[in-house]
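Okay, so chain A shows up in both of these, paired with chain B first and chain C after.
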Partner chain A sequence: MILPRKSKYYVAAFALLGTLFSLAPLVIQWANYTSPIYAFENSFVVDKFSIILKGLFILITYLTFLLSINFIESDKYYQGEYYYLLLSSLLGALIVSSSRDLLTIFIGIELASTPMFLLSGWKKGDRKSNEGAIKFFLLGVLSASLILYGFSLLYGLSGKLVFSEISSHLLSASLANSPVVLLSAILVISGIGFKISVVPFHSWAPDTYEGAPLPVTAYLSVSSKATGFVALIILLTKVFAGSGSSWGIILVIISGLTMTLGNLVALQQNNPVRLLAYSSISQAGFILAPIAISGITGDYQDGIFASVTYLIIYAFMNLGAFLSVHLFSNYAGSTNFYEWGGVARKSPLAGVLTTVFFFSLAGIPPLGGWFAKFVVFRSLLGSANSIGIALGVVGAINAVIALVYYARISKVIWMDEPKSINEEKIFQFENPLKVVGVFTVLITFVSGIFPGIFSYLGEVSSIFFGN
Partner chain B sequence: MVDLILFFIPSALIIIGALIVVFAKNPVHNAMGLVMTLVSIAIIYITLNATFVAMVQMLVYAGAVMTLFLFVIMMIGVDKKEQSSESIKGQTFLVSGVFLILISILGYVAISSEFKWDLWFEAVEFAVEGTPQLIAGTLFTAWIFPFEIISILLIVATAAAIALAYDSKRKKNDV
Partner chain C sequence: MFEVTTDWYLTLSAILFSIGFFGMMIRKNALIMFMCIELMLNAVNLTFISASKHFGQIDGQIAVFFVLVVAAAEVVVGLAIIVSIFRKQSSASVDVLNVSRG
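Here is the complex of A and B:
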């Protein structure tokens, strides 16, 4: 608000640099790492698990900033506040990945999601944006109250706030499978279910995704979702670990429903943003599946490893997918992708990027999405548990269904007859967007061809669960 | 002696405030009467050493709830005439009946129990729980991190609400 409009560019540059520099302490922490460091009376921890997730969140935010620069400069938006709010949301995500007590994790979740309520309504005059923001806000508040209710039951039972004290109290008082703890787990799962948009808590997602500015949508579908998953993983394995067989069944049902429903609805979409919204709902089902099974089998390390691997790969390929949707809908001026016939010929680079991202989302080797799906299926089938194998079969059927709509977009942009192509019109592909595209494509390829880089995550998740 | 004064003056203010709420014609005056009652109750809490309850009373009731009342009055408008006819038949009669019953029960309890003024203030020990020192101690040592984060959360909400509510057409001159 203080800076004159022209020099608002500096805000973006400053935010970008700041985000990049904030990676430096993480690298130093990683290099000097010996054992988990606890602070604030065990309520805050720095371990390898949290360092990796913080790196992921910072990279996502950095790429979102790059996506936003040209979009936000189109003069209809407040720039300073935009970057401030995204950075606050990042801070919330960072807090969640390190928090080890009820209070800190709740405030972290809220700090991560509150700015998003407002950013999704950032297109002020736009009806869809307002509608999406209102829906998101109301359901977000409802989910916060559900989480709080679950937490209050835990606090009432144990009188403690720090996770380690709560779980040891639940174990020593043999309360781990009592109905109250189960109710609390269900409330927490439903509350966080809104944040990660799993069925039946997904109804806000398509409308909000469609209405929000596109970089915000990309951030919502990646970082907000990842924050929710991290919070869920921490809570389920640190607090509710003793009652895994109960919440495991619930999560298995949710996960199967989420995959199937998200996919079936995505098949019928013609708006690419809504398609990606439903596809990200179904991807959430895949991310949830290993955690669900690990609850039943008790092998939390494997579940966390598979889920976090999927989460990391999903984050980059989904950002890339939103980038390509942004490019083509900008050019074609249409939000119906069936009218995008042949647009890839106008910019082969963008066309190739789009094909890579969508095929990776579908799980085609040698792209990253393939390895993500492989890890999930290995965890499901390797559990040697009939429920896990059943969920694996549901997932496999869904992976095939998903290929139909992911491939359809690639087919339209490459093979369909060009209708909306205007030789005069320049295909806009600004440099910051190219950086995003190349970076995400690199990660997608590298994680698919050299999946060995993820093996360190196995060690990390063992450390996470060991402490 | 000081205790008695500290009890009777706020008590008188509570009753006067309550009467203003009932009898004043202007809704803003009603609201102000309610503020007077709530603040006086907070003073009584302080004399009972329940400082934390007093603070919450001031912040939540006198601060937040009353602001909401005033907002509602502002939106409806002060000049609206109050509807003075009975919307439920015989409601005045019913309410005064209930009121009389309640008053007589209260009076009976007050007379029949051993009721001494001086007992009240001497019996209250200095309660350790709920004192500002104790709350501040834990708030600024063990829970300093969430405390600081909440401040960021509040700034986010304020800044973003202003940015959303700000009229972009009128800001050409003053940005």
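Here is the complex of A and C:
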């Protein structure tokens, strides 16, 4: 804001360094970890679950900054505020992952999403960007008020704000399945449903994703979604744990619908950003499935393990997919990927990265997406519950459908004949973007080939649920 | 004689919340939709306050301050977006926002 325009890159460098250094306290906390630490009268907790998720959020934001540097400089964007708003959103996500009371989690959710309303309208003169921003904003505040009304009903029932006190009050007064608690659970699920864009609360996502600047879209589809899921997991298992069989059924229906509808619409898209928007809607269905089943069976540990594993792997491969869309749509100058014929020959590195990310999203071994899907299906089929198995079958069918549109992009960029040959045009692949590509591709491969690194998450989610 | 109990306030806030919600669904003007959101948030505040009065503790009233602050922050963001749209097309109706389809 105060720096002259030419030296704005100091802001970017400062934001990058700050984000990187903020990983240091996490590493120290992890190394010295003995037991969960509670603060502010049990409303804030530092446990392994929150440390892992904080690490995830910080890494995502770091990669988003790297994606943004050249993009934000290339046009008439406000640069200083851009980094400030993204960092505010990161702070909100960090608060959510540690929160243990109604107010803290609400402030965290709002702090994470309010800056995103502004960032999604960052292309000020562009009508699509404005339209995406206002849709996102109106549905975002609607979801906030739904969540809040759910919270106020909980407070009205129990007179408590801290999760542990609410759930013990609900259990002792045997209110866990009373209509008011169910209404509150439904309000919270539909409010957070907007944040994680599941059917039928998904209508804003494709428009907002298309209008927003591409790094913001990547952040929205990864970090905002992850924040919503973390809030949902915490609320469902810490507050509504006693009424799992009721919200379990609702979530199973939502999850099945989300996978199917997202996939079917994604098949018809020719705009790569809208395609990724619908694909991320359908991936949200997969992330939701284990939580839904764990509500019915009561085995929350397994559900949380599967969802968080899927969430972490999804975050990196989806960031990578947005990186490749950014590269190719810049080069081809077209937002219709059928016109991208043969662009991969221009830059084989970008082509290989794209193929890896899209195949990983489709769940092809040995990439990370395969392990993520494997964990989800294991949790669904292992539940030995007819609803779980039915949801598993729906998921399997959807995984096959998804392969069609993920493979289609790879086919177009490698095999199709170029529509117009422009030998002069240089393929731009800046160094920060290369870092993002290499980092995300490494995570995608490592998580698929050595899935053992995720086994510690099982222990972590047991710690989460034990306290 | 009537005695005004906590239930009355809770019913009133439920009615207010429903009015806000249905207003949000049927109105097309972004500013009116925005006022509906405010109505819903204030219904939430009323619930918090009456429950807080009922239990004789202060937690719920503190929650209201947080809700007010968040609502004010959202007004700032929302009006900025609405103004930026209004500059482009001199209308705050969401019907004209139909560029993105599919």
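Note that in this section the second predicted complex is superposed on the first by the 464 of 467 C-alpha atoms of A that agree within 3 Å, B and C clash if a C-alpha of one lies under 4 Å from a C-alpha of the other, contacts with A are read in each partner's own complex, and residues count from 1 in each chain.
FYI, a contact is a pair of C-beta atoms (placed from the backbone, for glycine too) under 8 Å apart; a residue touches a chain by one contact, two chains touch by 3 or more.
The structure presented is a predicted model; accordingly, all values stated were derived computationally and were not measured.
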{"item": "Partner chain(s) touched by A:81 [first = chain B, second = chain C, both, neither]", "value": "first"}
{"item": "Chain B versus chain C as contact partner of A:91, first or second or both or neither", "value": "first"}
{"item": "Which superposed partner A:152 touches (first chain B, second chain C, both, neither)", "value": "second"}
{"item": "First, second, both or neither for A:207, with chain B first and chain C second", "value": "second"}
{"item": "First (chain B), second (chain C), both or neither touched by A:41", "value": "first"}
{"item": "Touched partner set for A:141, first chain B, second chain C, both or neither", "value": "second"}
{"item": "Which superposed partner A:108 touches (first chain B, second chain C, both, neither)", "value": "first"}
{"item": "Partner, of chain C and chain B, that touches more residues belonging to chain A", "value": "C"}
{"item": "Overlapping contact positions on chain A, where the chain C interface meets the chain B interface", "value": "103, 107, 110, 114, 118, 121, 124"}
{"item": "Of chain A, residues touching chain B in the complex", "value": "1, 4-5, 39-41, 43-44, 76, 78, 81, 84-85, 88, 91, 95, 103-104, 107-108, 110-111, 114-115, 118-119, 121-122, 124"}
{"item": "Complex contact set, residues of chain A against chain C", "value": "102-103, 106-107, 110, 114, 117-118, 121, 124-125, 127-128, 130-135, 137-138, 141-142, 144-145, 148-149, 151-153, 155-156, 159-161, 206-207, 210-211, 268-269, 271, 274"}
{"item": "Contacting residues of chain B [partner chain A, same complex]", "value": "142-146, 149-150, 152-153, 156-157, 159-161, 163-164, 166, 168, 175"}
{"item": "Contact set on chain C toward chain A in their complex", "value": "10, 13, 17, 20, 24, 30, 33-34, 37, 40-41, 43-44, 47-48, 50-52, 54-55, 57, 59-60, 62-63, 66-67, 70, 73-74, 77-78, 80-82, 84-85, 88-89, 94, 97-100, 102"}
